[in-house]
Every structure is written in C-alpha cells, then in structure tokens.
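In what follows, chain A forms one complex with chain B and a second complex with chain C.
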Partner chain A sequence: MVGDPGKNGGGGRRVRRRRLREQTTLGWAFSSPVLLIIGVLVLYPLIRGLLMSFQSLDLSSGGDGSFVGLRNYSAVLRDPQTEAAALHTLGYVGCAVVIEIVAGLMVALALNRPFRGRGLVFAALILPWALPRVVSGVLWSRIFNPDSGLLNSALIQLHLTHTNHAWFDNPYAAIFLISLVHVWGVLPLTTLILLAGLQGIPANIYAAAELDGAGAVRQFRTMTLPLLRPALGIALTTGTIAAFAIFDEIYVLAGSAYSTRSVMTQVYLTTFSGGDFGQGSALAYLLTLATAVFGIAYVRRLGRAAP
Partner chain B sequence: MSKSLTKRNPLTVAAVAATALLAAACGGTSTTASTAAPTFGAPAKGEQITVVLPSYAKIPADMLTQFEQQSGVKVTLSLDSWDNIRTRIVTANAAGQAIGDVTEFDWSWTGQFGSPTLYTPLDNAISPAMTADLQNTKTFSKGGHMMAVCYSNDARIGMYNKTKFAAAGITAPPATFDELTADLAKLKVSGASVNPLTLTASATEGATTEWYLLSMMMGGNLFDAALRPQFSDPASAGYKALAFEVEAMRKGWASPSATTANDQEADALFLGGRSAVQLAGHPGESQTANDPTQSKVAGQTAYFLEPGTAGPGKTFGLPEGLGIPARSTHKAAAAAFIRWILQPEVQAELLSKVGLLPCRASAVHALVAGGKIAGGPVIEQQLAHLTPLFPNGAPTWYAKFSTDASALINSAAKGEMTVAQAIAKMSDRARQLGNG
Partner chain C sequence: MTRRLSVLGLLRAAVIVGALLWTLGPILVAAVTSVSTQSEITASPAVWFPHHPTLRAYRALLPTGAGGGGAGSEAHQFGSAMLTSLVVSLETTAVTLVLSILAGYAFARLDFRGRKVVFVAVVSTLVLPVFALVVPLFRIMATLQLINTNPGLVLIYVSAIAPLGVWMFYSYVKDVPVGPQEAALVDGCTRFQALVKIVLPQMRPGIAALTTIVFLASWSQFLIPLLFAQSPSLKPVTVLITEFVGKYNTDYALIAAAGLIALLPPALLALSQSRQIRGMLSGGDL
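And now, the complex of A and B:
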C-alpha cells in the first residue's frame, strides 16, 4: 500500500503496472511452449527416473514397483562392474576432453584467419557433427575391422606391418581409439564454441600488443587464453558431458566387452539386457550427479568473466 | 487481465505442474495377473493386428494376403533387429504398453518374459494335436503354461567349404573333435584358408551361443537340473570348450575379428569365402550360401553333423516362438495368426521363401521325404541329437548371465584373463544369480 502520491504519480504507477502485466503475460506466452516441452521431455522423465531408482523394478525377479529405499543405489555401488565402468569412463573423459580442447583450439585458431576455401573447410568440419553417433561408429568399425579394415590394409601396403591387428584387443588402445572416434563427432562443436570466443576478442588489443613488442606466443599465452576462458569453460563443460555419456561408439565398436564398458553402457545393460529399471535408473542418476559435479566445477573455475 | 499471471503466480504454476507430473509419474504401470490360461474365440472381421518379427523372418506380402483372405484379419508386419525387439518389449512393458499383438519370443526369453503379466498363456490357442506335433514346447513353458509357440526351428548344424577342404587334401568333413582340430591345422598350414574357423568371441549373445554349442559338442551340459553350473572343473566340457576357443584364437584358426564381430558378421566370413568351417551354422543357411547374389561360395558348401568326442556331437536348439503380449487388445485375432502360421503348407512356404525350418515334426519329415530341404537328411540326423540347453525353459536370470558370460568369453579370447579366471567368474556369477 502506498500513500497518496498525487493524481499524476498514481496514474503513472498504474500505467507502469499495466505495462509490467502485459510484459509478464507476453513473457509467459512466449515461454510456455518451451516450458511445456521441457516439462514433458525433461522434467517428467527426470522425476519418473528418480522415482524408479527407489523402486523394485527387476523384470527377472518380478519387481512389483515397491519402494526399496536406497537398495538399488547400494547394489550398483557394490557391483565391481560399476567401479570398472567408472574408471573406463574417466579414461574416456580424460582422453576425449584433452584431445577435443587441444585440437579444437588449433582448428579454431586456423579458421579464425581468412583464407581461400574457408567456407568449404567449415562445411567439412560440420559433417561429423551432423552424423548420428551410431553411424560414425559403423563407419569407423569399417576402418578398424581386423580382416578388411582400411587401417590394417594401409599399414600392410606401407609395409609397416605384415599381419592384421585386432585394434580393440588391447584395453588401453581400445579406450584411446574409441575416444578418438568420439572426438571426431564432438570436435566441430568444440571448434565452433572456441571460434566464437576468438572472434569476440577485439583485434585492436593484438595491434597494441605488437606495438609493445609482444610475440605471437606471448600474445596467445597472456591475451588469447585468458580472454578465451568463458568459451573454454563452455567447451569443457559440453565436452565433458558428452564424454560422460559415451555409449554408441563403444557399443558399435566393442559391444559390451568388460575392458571398454562405460557407466552408460552399464546403465544400458542393467536396464535393457538385465531388465532392471530400478538399478539402471539408480546408476543413471549417479552418472548425472558425477557429470553435474564436473560441470559446476568448470563453470566456477573457468566460466567467470575474463580478467 | 486476471491475476493468475502476476509475479507471484509462476511459483504456484510450477508447483501445480510439478505435482501433476509427480502424480503422473507415480501412476506407473498396472498389470493384471492371471494364472488361468485364457481361451480364444473367433476373430472379428476387419480386425487389425501388428506382428513384430526380426528382419530375417520377414513373411512375404503374398503369404500375409492369404491369411487376410482366410481370416478377415489385417496384418501390419513390423520388422526390427532381434536385439531391438527385446529392448522394445522391456521398454514398452515399463510404460504399460505392448509393442504388438503378436511378437517374436525367443527361447532365451522364457525365464524373463514368461509371466502371465507380460505374455498370454497359449495353452488353449492351438489344438492338442498341434501341440503334440510341435517340437520345443517345453522350451517355451513356464509355470505350467505354454507362453509362446515355436515358428522357427532354429538349431545349430555344421557347414563346411568342400572346395577349401579339397584344396587342403581333406576328403571328408570332421566326424570327431580331434578330426576337427587336425583339419583346422591342415587348412591353415596348406594356405587353403588363412583363418579356417568361423568363431564369435565378441561380447555379444553370439559368443555365449557358440560356447554352449561347443560345450554340448564335447558331450557336456552347462547346468544341472537345479541350474547349478557344471563347467567349473577343468575336465568339464564347458571348460574345455572355452579353452578350445582361446586356442583357436592363439593359433590363428579364427580370424582376429572374432573378438569384435557379432554372429552375423562372423557368418559373412564363411559366406565371403574367408573361413572354411562354420560350427554354428543353421538350417536354411544352405539357401543363402548357395545363392550367388548373397554368397561367394555358392555350390561349394555342405552341411555336416556337429563333431563330438567320439562321433556326432550334441547340438542345441535356439527355437524362435511367437507370443501374444498380455496387453494386446486383439488376442483372438493374434491366436488365429499363430494357428495359421503352423499350417503345414504355410510352414513349407516359410522354409522355401524365408528359410525358416518348421517346428512341427510331421512337417519336417514330409519336407525331408519330399527332398524339399537342402541337406535335409543331414539336418534330420542332426535334429536327432538336439538337446535343450535348459530342459525346463531358460531361468529368469538367463539374460543377466548371458551378458556377463559373453563379456568373460571375450576377455579370455583377447587374453585379458586366463580360461581358469574367466570360468571361475562365470561360475560365481551363475551361482550368485541362481541364489537370487
């Protein structure tokens, strides 16, 4: 309640209130389709999944949907396969994120300079991103196939080896190669994010730095990298989330082999092969939690405004 | 303008939305359990059913038209990969839905899906005479009910490449396991085939299937009647079967791709002329192998009896059945479809057009007698050695065991663990699952 501010003052406030109401209405009208989509496609599955993680939903043992508290969480955490899958996932995340950021930065720096055919390079760069992961997995499986794959064939033609290699028989090589296939699909997004960051850096500061005698390396270290921190934060976050959720490439290239299973593969096997939606949901929630921890850490560390 | 969209109200809206979503989420699935087998009346004219089958069992359109004309029921055929169908059944069930009115029902699903809350008991869907004529009914039975009806009598039978055997100086296919190993060595050394054995040792269902087969060929059973593992002892068939697979990888009898290729990709090595022996061949494969549009070895292959320790070895059936989901709303029409597919003339047509071996003993015998099955006498002899992997149907935990077993076979084949370690883990897993 306000005092009597006079006729004109009261009228002005009424107009402002009406405008605010109109803006609010318009805001809700524009937001409601998105809110509806988020509600149906994100919020509902999120709540449903959370509830399922506390229920007995094992098809094999006639799970009746009864509330079992934290039993599903306890079961998946005690499963030695979860620990192994978590370590493999960290391997994928480590390999993929490092390669993505380093390679993405190099490509973004190259594309940041005008040159002939830049448009073509852009188009070629986007292509792997447009392909579904399963398709890129199948393409790469043709390359790594021990019998008829392009890689063995090329190595034999070049006399670098005489026998066909099974590239996924070594667990470390398998994780590295699967990470590479994953990076092939994610690199375009990382590059675009970093390129957008690079293009947001004013050109005149480089000119000033050159006048001050700063070389290219120093400019990169003291200007480009610090100013690119917000973009790096976004690239790291999206890259990490994608790597934590790695599944399609693994499943196509190595099936459900123990030595390459990620947590997401374990979620799939628990839920759809084992038919246990309760434990599968619990494991999926633990993965979401781990991903969120990494994401928040990146945003807090790198997502702040540049100095 | 109403006050419903003032600044304070978004919270209310969000709370209402969240409550509604929570209520919907809590709604979950409800199933009605029934233990009595239902009866099936006549289908209504113009009724429509969806039949979900694996891609390799595509029933030709002209055959479906025959059924539609006979019954008045319209069929929509939905084809998918075998694995996808299984995943779709599991997912649809969690959502309280059925993926079709008639679906694929594999032998290995009996334990997991053989519940009246998921599938309709079919005891009264077909006549007692038809049931008696069907092979594998026990494989699809659980809780005293027949949960599915066999439509494809899939079993494992040996295939070999006569041309490659001749090139290696071998005049007859192996009759025993010792002869098999000697032949594989000769095929490799002679250069007739660089990797003569088709083997699936990837972390896929095909790897467990092949291990079961090898164990049976060596004269053993993997589980006893109480479902206790029988493969822990180094002298057991299961142990020796895995040791053979590892030896085949080490000696180069099997291709290095065996650790990543699924069974269909492995089959392609035989059809492409790279390998010379396929132990996990199947009835109907002769058609594909002798079709020049699908095979590079047309006219070069033949069936042979699975070699055993001292003569023909046992094999096991992987019959595929048809089931009616409990949530189907067209059960009478679905049952009519199942009855139709079991007609002897339909079974014969499915063999000639799709390569599916009939499940009715009388149909198989008539086709063999009429010379209508390529390699028919060998197939009939092999079927005499057919032994079910689980005589009383696959246990509820089969899918979990199979997933872990394939991963362990894969680890042993890649040398990540020894045969003893892999077998010990497999035994522990089987015991753990068996004990609930």
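And now, the complex of A and C:
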C-alpha cells in the first residue's frame, strides 16, 4: 500500500510506522461495532449453548443442570431418529443446492444484459423471498393437497392421470417436492448474489474477447466463471447453510412426519416438544459442526484470499 | 454471428419466461384464493376461477374492518403489524449497511494486526443455524432487558445479517482500485473521507444489492420475532399471519390477501434498487 521503504530511507520508515499505527487504530474503530454485536449476540450464546449441551436439562424428568459430560451426545447419536433425520437433511441439501446454483446462474446470466422491462422482471423474481413462509407454505399445501389439490386437479383435467396422487406418501418424492418449495423461497437470494457478481465484471473484457473471436461458450468458461468465483462461493455457502437448517417448509407441508424429518425438525421436537434442552443443544451443535465442515472449504479459500 | 446471437437471445428469453412462470404461479394461486369463497377453495375438482369473486378478505384486514371472517380481532391488527415490520426492517437495513461498510473497508484496506483472524471469525458465524443460538440468546436478551423491545429485535437481526454484509463489502472494496484512494490520502483527505468520497460511489451496485438483501431478510423473519417480540405492539406481519391459521378452520382467503399486501413493500424496494443497479451498469466502468 505504501511505497518501497528502501527508497524512502529512514524518514519513509517513520512515516510508514505512523501510518501503520493509524491504520491499527482506525481498523479496530471501524470494525468494533460489528465485533461487539457479534461477540455478545452470536459468540457468547454459542459458548453458553455449548455448556448447555453438557448439562442435564431434561425438564420432563427433572434435569437439574448438572454436568453430564458427553451423555447428551451419545444419547442423540445412538437414536435411530437422528440417523434418519441426517439422511433426509443430506437429501434436502443435495437437491436444493444443485437446483439453486444451476437455475440461479441461468437466471442471473439472462438478466445480466439490459432489455426492456428488466426492472419489472427482476422485481417479480424477488417476490417469493418476500412472501412470509407461512403464506407460501399454505399456498404450496393447497397445490399439493391429495384431495382438493391444484396439481391433482390440473393433471386430471389434462387427462395425464385419472386418480388423485398423495404426493407425500413416497418419501423420496416428498423430500424432492419440499426441496423445490425451499428453492422457490431461496432462489431470489442466489440470483441476486450471482447477478451482483456478474455486474462487477467489466464489460470491456468481453468486447476484447469478441474481437479475438471467442464464442459465447468459451467466454463463459474462460472469463465469466473464473471471475464469478467469489460470488459463486457466497451463493453456494448461503444456499448450503439455509438447506442444512431447513425447517419451516417441512413443518408446514409435512408436519413432523418421520419420513421427511430434518435434523432441525428433530432439534425442535427434542427441545420444545420433548423439553430436553440438553439433548436439543447437543443435536443443534452436531448440526452446526456438520454445516461448518461443508462451509469450511469456502471460509478457508476466503482465508487464503484475505491479506 | 447474427444467428448465434439470436439463438442466445431465444435461450435467454426462455429462461426468463420459465423463471417468471415458476415464480408467479403460486402468487397467482394466492391472488385467486384471496377473492374466492371458502367453499370454492376446498372444492374438488379445483375451482380455477371464482364464480363469485369477493373482496371480503381485504375488507377484513382494514383497521376498522367490517366483514368479520372468523379471524376476529387479529385481522384488524394487520395495519399496525405492517407498520412494525416496515420500521424494524428499515432500522435493520440502515444499521447493517453502515456497520458492514465500515468493517468491510477496515478488513479490506486497513493493515492491522489480527484483522485476518477477526475477519474469518466474523464471516464464519454465517454457518451457525439460528436454532443453536436461540435458547441461550433468550437468556442474554432477558439479562440485558431487551426482550420485547425494538432495539433488541433490530440488534438480533443485525447480528445475523451483518456477517454477510461484511463479506460482500470486503470483496467489493477489494475490487476498487487503490490508486485514487492513495492519491486522496496524500492530498490530505482522512481515511473516512476517502471511504465516503472515493470508495462508496464505486460500490453503488453492491450497496443496492445489500440493501435489498437486508430489507427482505428482516421482512421475512419469523422465528426470532415469534420468540423475542411477543407484545402486540411489536408483532411483525409474518407472525400475525400465522394467527389467522385457525385450529379447526383456516381462513385461506384472509391469509392469501394478507400475504399479497405484505409482498408490496419489499417488491417496491427491489424494483427501485434494480433501477439503481441498471443505472450503474450503463453509467459505470466505461
């Protein structure tokens, strides 16, 4: 940032040291409000929650808060419900992330060049995100309802089937459909992040490539994708984290049915229905750990890019 | 050349049309549901277009609402809940933007010990699911006497969204050329002036994107206000709407109408911000 100190001699080094001190003060001053808020409202509760996962806090059987070591963790890990919930969650994450990234990239690319009415299209595509989850949940349950559902009615009226389908009876179909509903709400964020990334790519490099005779596919592969990497990283991370924590959509569409239960549903049932805050915290921590393992690749890449 | 361009153009048009159908389909369902009668909503086979369209649901949502609809007094709180959502979302957006810009600039441009560790620590909190924090967070907010308060709610939102903002601004600031900033510093500008006068104007698309993201994220919060803002005067529209779901009989039309109205503020914001992004595209870079 500052010129080569060797060139400036002793005076330059003093100036440099003073500027470094100034940067240290300013750096902490600029970042301290965020650090304070995150420290008090995220990191501190994180540690408190970790302590709770080692305590006996089962309200239904008189948990007294005493230290029980890893007993909550071993109880949760032995529970076959945990394994099922973990497999379902991986299914949700796989379906949701793949669809989000592919569809989000396609939509962002389509929106990247100006056309008439782009602002309107953009605003329309953002809508699902703004729709409160309960409302979208109720709407989709109206669509998938086995008796008076719109999807069944449409298929029968188009003579594609003759009988009503109970869409959520097949667990694979149920997980796929719930993932689709999840994607419906998350896709706007993915598209927005990727679009902002695309707009940050200077237009003149494409003009240069055009002069060199590079086709659209080659331009995309050799220029757009590499330059879009940071935005793809952000979109992938936020998408993965949101899918790992999937809860609302399942709750509205399938309740706490065993065959579609996610880890988050299991945390909710353990903590708020079962009243076991110790085991609930332990399970929530295992989920956090699993999310972090997937998120860490991006954070590490970030760390390498950081100064 | 022209032929290749037109194939690409067709592809883009197809993607946009497909995305619009996918996005607007369920919203059209909401629009139809909101003017249907309850018997039309539960009919099988489905009634696609209501035979007797009615604005009953919308009338019930007015503060002095007539029209009843079984939801009782909850429907009449709709106006004040909309206002609450608006105030909290605007406050969260303003605070998050200012704090993320400052921190993002510090991490990207200021050389201080420990910045790398602190930056990675802040961004890493993005992987924490809310559920892991909710129970201990409740105790802390109670100690700070911030439960059922507007600042308490805003602070929790900011703590959840700011890491994304810091990350985004960090990468935007990195992309802004250093030269002009250095020149401004040599000319006697302070760091803060350089940030406001030189860096900020070049990040307008990023600011527009983050404004939209933060506002929409706060607008659609559900679990946090459910737990931390139980008093009627602080209830946002997302929580109020769940109270329309009855134990025995759900008023679908009322939920659909409320949901459609709740869509308007974020939709208008997204529209205005997309103009900003587009304006920058034609006016920037070259």
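Before moving on, here are some points about what is shown:
We adopt the following convention: the second predicted complex is superposed on the first by the 255 of 307 C-alpha atoms of A that agree within 3 Å, B and C clash if a C-alpha of one lies under 4 Å from a C-alpha of the other, contacts with A are read in each partner's own complex, and residues count from 1 in each chain.
By our rule, a residue touches a chain if its C-beta (ideal position, glycine included) is under 8 Å from a C-beta of that chain, and two chains touch if they have at least 3 such contacts.
Being a predicted model, the structure only gives us computed values, none of them experimental.
By the touch criterion stated above, A:43 is placed in contact with chain B and with chain C alike. By the touch criterion defined above, A:147 lies against chain B and chain C together after alignment on the C-alpha atoms of chain A.
By the document's definition of touching, of the two partners only chain C reaches A:184; chain B does not.
By the touch criterion defined above, A:28 reaches both chain B and chain C.
Using the contact criterion defined above for the overlaid structures, shared-chain residue A:267 touches chain C, although it does not reach chain B. Of the two partner chains placed by superposition, only chain B is touched by A:258; chain C is not.
Using the contact criterion defined above for the overlaid structures, shared-chain residue A:277 touches chain B and also reaches chain C.
Look at A:109: by the touch rule set out above, it reaches chain C but stays clear of chain B. In the superposed model, A:192 lies in contact with chain C only, and not with chain B. Ranking chain B and chain C by residues of chain A touched puts C first. Once the two complexes are overlaid on chain A, the chain A residues touched by chain B in the first and by chain C in the second are 22, 24, 28, 43-44, 48, 147, 271, 277. On the chain A side of its complex with chain B, the touching residues are 21-22, 24-25, 28, 39, 43-44, 47-48, 51, 57, 59-62, 65, 141, 145-147, 164-166, 168-169, 171, 253-259, 261, 269, 271-275, 277.
Of all the residues in chain B, the ones that touch chain A in their complex are 1, 5-7, 10, 17-18, 21-22, 24-26, 28-29, 86-87, 90-91, 93-94, 111-113, 115, 118, 195, 202-204, 255-257, 259-260, 262, 269, 274, 396-397, 399-400, 402-403, 406-408, 410-411, 414-416, 436.
Taken together, the chain C residues at the contact with chain A in this complex read 4, 8, 11-13, 15-16, 19-20, 22-24, 26-27, 29-30, 33, 41-46, 48, 99-100, 102-103, 105-113, 115-116, 118-133, 135-137, 139-140, 155-156, 158-160, 162-164, 166-168, 171-172, 175, 178, 182, 191, 205-206, 209, 212-213, 216, 219-220, 222, 237-238, 241-242, 245, 250, 252, 255-256, 258-259, 262-263, 265-268, 270-271, 274-275, 277-278, 280-282, 285-286.
Listing the residues of chain A that touch chain C in their complex gives 1, 20, 22-24, 26-31, 33-35, 37-38, 40-46, 48-49, 52, 103, 106-107, 109-111, 113-114, 118-136, 138-140, 142-143, 147-150, 153-154, 156-157, 184, 187-189, 192-193, 195-196, 199-200, 202-204, 215-216, 230, 234, 237-238, 241, 244-245, 247-248, 264, 267-268, 271, 277, 280-281, 284-285, 287-288, 291-292, 295, 299, 302-303, 306-307.
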